[in-house]
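Look at the two complexes coming up: subunit A is in both, with subunit B in one and subunit C in the other.
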Partner chain A sequence: MEMIKMYGKNNKISNLQVAFLMGHTIIGVGILSLPSTLAEVLGTSGWVAVVIAGAIAIIPVTMISKLMAMYEGKNIFEISSHIIGRPLTYVALTLVIIDALGQGAFVTRIFGEVIKMFLLFSTPLEVILLTMLLTVVYTVRSEVEGVARFSMIVIPFIVIPILIMSTVLIPDLDFTNLLPIFKVNPVQIFNSIPSIFFSFGGIELLLIYMYYSKNPKSALKYNIGVVIAVTVLYLFSFFISLARFGEKGLAAQLWPLLSLSKAIQFPSAFIENVEGIIMAIWVIIAFTTLMSTMFSMTVLLGKMCKVEESKYFTLPLLPLIYFLSLIPGNVVLIYDFIQVFTYIFGTFALLLYPTVLYTLAVLKRKGEAKKNENTV
Partner chain B sequence: MKTQYRLFIILCLSILLTGCWDLIEINQYFFISAIGIDMYKKEENPIEEDEKEEINKIAQEDRFIITYSTPDLRAVGKNATSDEPRIIMSSISSNFYETTKELATRTNRNFTFTHTKVVIIGEEVAKNQNYMKEIFDNMGRHEQLSRKTSVLIAKGEAKEVMKIEDPFEPVTGYLVNQITEKKQGGARYSDMVLEEILTELYFNGDVLMPRIVPGKGEIKVAGTGIIKDFRLIGWLGEIETIAAMFLLDRVNTALINIKYLDTILPYIITNTKTKTHLAVEEGKIKYIANIDTEGYMQQYILDAEDKLTDQRSITAIEKQVKDTLEKQIKATFNKLQKEFKVDALGLGRHIRKFKPDLWDEVEDNWDDIFENIEFEVNVDARLRRIGMTK
Partner chain C sequence: MGLFNRFSKKKVGEKDSMKKEKSDIEKEKNNAEKKISPSKCLEENLKCMKEIFKDCEDVIFRDFKVGERQSEEFVAIQIDGLASKDIINDYVLEPLMLEVRKIEPEDVKKKLFKITKEGVISTIEIKEVYDLQEAVVNILSGETALLVNGYDKILIIGSKGPPTRGVSQAESETVVRGPRDGFVEVSRFNSALIRRRIRDPKLKLRNMQVGERSKTDIAVLYIEDIANPHLVKDIIRKIEKIKIDAILESSYIEQLIEDNHFSPFPQMQNTERPDAAASALYEGRVVIIVDNTPFCIIAPATMMTFLQSSEDFYQRWAIVSLSRMIRYLAILISLLGPSLYIAIVSYHPGLLPTRLALYIGASRINVPFPAFIEAFIMEITIELLREAGSRMSGPIGTTISIVGGLVIGQAAVEAGIVSPLMVIVVAVTAIASFMIPNYGFASAFRILRFVVMVLASVLGLYGIMLGLIIITTHLVKLTSFGVPYMTPFTTLGRTISDLKDTVIKMPLIVMRERQKLTRLQDKIRLSLEEENGNGDDKNVRKKQ
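Right after this comes the complex of A and B.
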């Protein structure tokens, strides 16, 4: 036991790592299409919806963080069983697993479609997907520390190229395209919030990661920080692509952030087209999202089956994700599927389940406190 | 058991690592530098007999002649094996993709469009609304075409333009690219690239596109094609284009000839800024453009009575520049507004951006309202330098 601790194999990760894992899950592939969805539904006032959705997203983050801090050292299965009883827990966690499964399959498929379109034209989609999935399985089997460390180390590889490319883009941006920035239609905004809000899907997986936190009591500020960072990133990508394409032009794009890469040309540089770099970033983003969803599913399955080592569940998930990701017949259907999926399972996992758990937990604590008072 | 297991893995590797589906060596590529699109006319290019007999040809409708120009990589480097600096191919087909496939039966290389610099649309094609919509949709959707590609309209046929071999830069695509990017341009063409043109087209289908003119042994990029509702309806000349570019604030440097002292003097603009705004006066929309220019004189008259060093002559020249520019710009605006009735200068977009409430009112019958917009231009021309002599 001592030996293991010496090498840091205590299966605990820092709060920053927890928050980053969540961030990776949230960003996923939603960011690819979010700017054009915003422009299509709301025009130039789309940023309002992002800000509101980001503000709402802080609510479940706070609830989950507080809940997990309340029951420090216990995993979600134990907590949930304690609060709502074992049978209901099984049902609830199955729904959470299905939610993560849907997200994972969605990421896998979009990843494959994009790579096939821009990079590997004649490689079969199946091969692209399997290569990716096998690599993810390998990473996930390295337990929480490996996953967390990986999610930290890739950050500079995402941030630095994006910053460089945004700088190159600046001369081509027409910021008057952002106008009219304050012409806001409250009804439209209100109606669009539910679909925009699901760009923040992935927060629910904090239910799993928080268990591994070294110090869950102080995790809240990190988690909220990452949600704010994601909101800022969404705003940034919306504004940049709006400035580049204009309102109507942006609405017509399928993946505006990838189209942006077509609009970047390094002035008289050896490498004229930067799709290669964009694709590299894209692989990392898709990989981390898939990794975190797969990790969560593995852990949940392990806890539900009450086994110590849960990594044996990773490989059997592979065919499940693989076949699920291949169900939609075309690119348009992928988005229709995930829409329905998130409405049903996302609402449950992201809003309903944490709310119920947190409310009951608080009530229970109060009840216990009263009881203690009475007995004293 | 362990050995067998290892052997199995090694055998698997041989399947997984045998190669890449997408492997194409660089010398197996044709990097298409320019694409030309022309109308296909049956009378001029009748289909060959044996093609007519094709049984399975289900009402194939050939619409375009598409021409590709590519640098011949064999002519590059020390041990060049070819004298021809470029290769031109054309084919009759109904779209880009078919051309690629058809030409594939005639060449030993693969085509790639990632380095395409220019797309030239023939005049006839540009006049057809449906064709233009198809072509621009294709270019926006294309996963290889850079959005920084220049798209020009040829006076006459695109193929004519592409046939011309410039002595300095024979590859059409690079030539046009270098022309539009060089610093000494004179704003005599619209320098919009695909991305900017698409943005305007998405808004309402009106835009100004650069024109390319085939000459004798050389190519000229000058003038502007006026696109209304996705089709070419007319041209702006070179001087008119300068005026239009002033209104779009896309002028870096330009030359204005002014009449002064019975002669023509060049005023060279080094710096200019256009600020436009809209005013609503008594229910009428007024479009006001304020242009500030700075420049210098490159030429005056030897032994003139009014020395250029005299402050009065400088003021007089500045006044003359102001009048000339205002006249030119007004004439161009009138031509676009009254003659062609096209909002190619993006007034609608301007209103949508800066006066969204007004846009809500005028959006539905914008075409009628646009015709009656009043226009005012104020030029503030400054003469800063006078060259090396007094």
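Right after this comes the complex of A and C.
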């Protein structure tokens, strides 16, 4: 009988759960404003940018999966120290933590603004943010197994209502708004790729989750599958918003998907206005993203401070995220803030760091293999 | 540095007052060495026993003489009411007093004990003990002790005849179709009821006595080549560690061996029906029978098992799937009913269709309270009625429920304190909470309903979502003997075939494999005679 410890915590989760965790992180908040950004910059051919960005996103995913499969059973701190040395690892991981922090604060603030605008009109923003963060802290304290199982169990509650509502929307859509589809302007698309690409931000957290996978070697197909699914989801939302609002109308919206929800009408059913249900799903989506970022921050802090039980770092992070999220004055400033932030830290964490680690690891392996050949 | 102790995984050893440490178990073994040895003289033994049972006036001491010349002295000790007098009269006293006279006196004198035990006493259960304390415990369990003059050992004759009721229908779980026998308060009868349904020598039964003063008989049953041996060992080890003075009911055991003491959700099932217990054994789970209670414990349990009832396997799959879906819906209604009303009426009236919103507004015009006060008043009234109804049994209880439910509800509406929709919501919620088969599981949702109501009154729909997230997190963290509580919903890998029995129950012919929640050894439950291309049997039971 295989000796995987079944009773008690063994801190390993299945590959499917790892992939879904990463998926939850990506579908954070980017999905809200992505269609309007695309329409503003590229018009009806925005879908090309999404597809290209998705294709590019597969590269860091592959690199990270292969890297963690090479160093099976070691966490990111050990791997990174092995490849680039300990002092540089501290610096690099701090930058990753700051990146996760920024994303977390961004998600929190946008979430608070949306709730205040659509659901609870007179509640102070601070109360909304604080209650959300406290709930996230409670979930993150249950470590990997709780976080992973939670992310698995909410999936049907997100997917099924969205599918039902999309089918109801169909009569309102005007698919001629999608034309012309293939009016592609390569230079424009090339310029817009960087900002679109950061809608896939969250992939770098795979560095942290793959450590907990039971079988890292076969994780690659799940991860790529999730990235493809996310791309399809973005395309889907873009097409539907475009069909509903048209190119210029879409560019003028702030959060097109939420405006879509106002258009959904179940004919004379019990709930006329499905905004409430969309908001409920929105709470879950933002929650999973926040949970994911906060979890990776606590784990990284724990590994850097060499302690086993990293769940005690969760509560101190709460005021940090809270105050960071309250810095921008209004919604416009939030988006400006996050642009700058992702250009600096996002590039590092998402592109630079995994690439450097992977190439150096491959070179090291080749070097060792050569050494072994020579000695033998 | 002591402040940072908690960061390292080595936890400072905690002394659980209800659990025995290894040192305690060793101390007990040492103490047990200091037994009271019976002496060879009958008088001394008798005096010792009478000392121990001083002021226990229901203990019978019967001294009699045996042999042709009435030379050997015997004393029989039993407890009036606990031990069966017929067995002793017919099979012990009569042979000893009458039949032994026919044996030669010299033989009798030399080998008295041997003759008594092996040749004369014609009961099936008999043993020797060498310790007075052990004999006392046996007497208190209903056996009869026989003291023989000149020997330092005591004969214990099995004569248990405790007062008990007959096997009747389990009152807490009734079915339309299915067996109607239920457990009784004697653990030996209960294990017999289970044995009837599992005629396999692999059904193992392990006896234990738990409780310092009560010394209650606990039996742990499992089927050896289906159940996971680690699970069985874990349960037995946890029961052996219990150190409490009395076990009055199986819930004491349940509360002492569970993984998460502070969770409102039960982590073990309990049942009064032998067929439910037998079906759990066939699935590789472990059954714990406790004396003096008809409720036996089934471990481990997951949310899926709490929402199954025994009737599910005796009816056809379509109706069972429908009832399962309604049960899952009932959980949601039971948890969220009043909270949704509060949230929608107070914070988001725009969510309702216009006509409904206008109707609610009109019906609430005269109500002086805001929605959440209304909801709390009605909920607390229902809880009071429920408690009152369960205190009073029989006709008074039903009268109170009817009076309370109909009259008070109607009067409250007419007095203008609550709106009629509120009464409907609260009534439907109460009915939904009765749909959940397991009472402990339903009670958890009763409690959580109030928590979610508070959250809804503060933060509206957002508060309800937060409450759901917190409850889901708690459920997802929970384990029952190492098995995650929300299997198979959370792990789509190994246990995906368990989904055949959750919301929708597939017909029996499709459910070939047992529930995988506990990593079983023997995985195939049903095999059909099929041939693959070579003419060999497919689906042959393979022992793994």
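The criterion applied here is as follows: the second predicted complex is superposed on the first by the 369 of 376 C-alpha atoms of A that agree within 3 Å, B and C clash if a C-alpha of one lies under 4 Å from a C-alpha of the other, contacts with A are read in each partner's own complex, and residues count from 1 in each chain.
The rule we apply is simple: a contact is a pair of C-beta atoms (placed from the backbone, for glycine too) under 8 Å apart; a residue touches a chain by one contact, two chains touch by 3 or more.
This is a predicted model, so every value here is computed, not measured.
> Taking the superposition on A as described, I'd like to know which of subunit B and subunit C A:S259 touches: first, second, both or neither.
Only subunit B; A:S259 stays clear of subunit C.
> Quick one: name whichever of subunit B and subunit C touches more residues of subunit A.
Touched residues of subunit A are more numerous for C.
> Touch check for A:F245: first (subunit B), second (subunit C), both, or neither?
It touches subunit B, and subunit C stays clear.
> State whether A:L120 touches subunit B only (first), subunit C only (second), both chains, or neither.
Touch status of A:L120: both partners.
> With the two structures laid over each other on chain A, which partner does A:F287 touch: subunit B (first), subunit C (second), both, or neither?
A:F287 contacts subunit C only, not subunit B.
> Which holds for A:I98: it touches subunit B only (first), subunit C only (second), both, or neither?
In the superposition, A:I98 touches no partner, neither subunit B nor subunit C.
> Mind working out whether A:T176 is in touch with subunit B, subunit C, both or neither, as first, second, both or neither?
In the superposition, A:T176 touches subunit B alone.
> Does the superposition put A:L360 against subunit B (first), subunit C (second), both, or neither?
The answer is neither, since A:L360 touches no partner chain.
> Common interface residues of subunit A with subunit B and subunit C?
The overlap between the subunit B and subunit C interfaces on subunit A comprises residues 119-120, 123, 127, 272-273, 275.
> Over in the complex, which subunit A residues touch subunit C? Could you list them?
6-8, 14, 16-17, 115, 119-120, 123, 127-128, 131-132, 135, 138-139, 142, 145-146, 148-150, 152-154, 268-273, 275-276, 279-280, 283-284, 287, 307-309, 312
> What does subunit C use to touch subunit A in their complex?
4, 6-9, 228, 230-231, 234, 344, 347-348, 350-354, 356, 459-466, 469-470, 472-473, 476-477, 481-482, 484, 486, 489-493, 519
> What part of subunit B is in contact with subunit A in the complex they form?
Subunit B residues touching subunit A: 20-22, 114-115, 140, 143, 145-148, 195, 198-199, 202-203, 349, 352-354, 356-357.
> For subunit A, which residues are in contact with subunit B within the complex?
Against subunit B, subunit A makes touches at 117-124, 127, 172, 176-177, 179-180, 183, 244-249, 252, 259, 262-263, 265, 272-273, 275.
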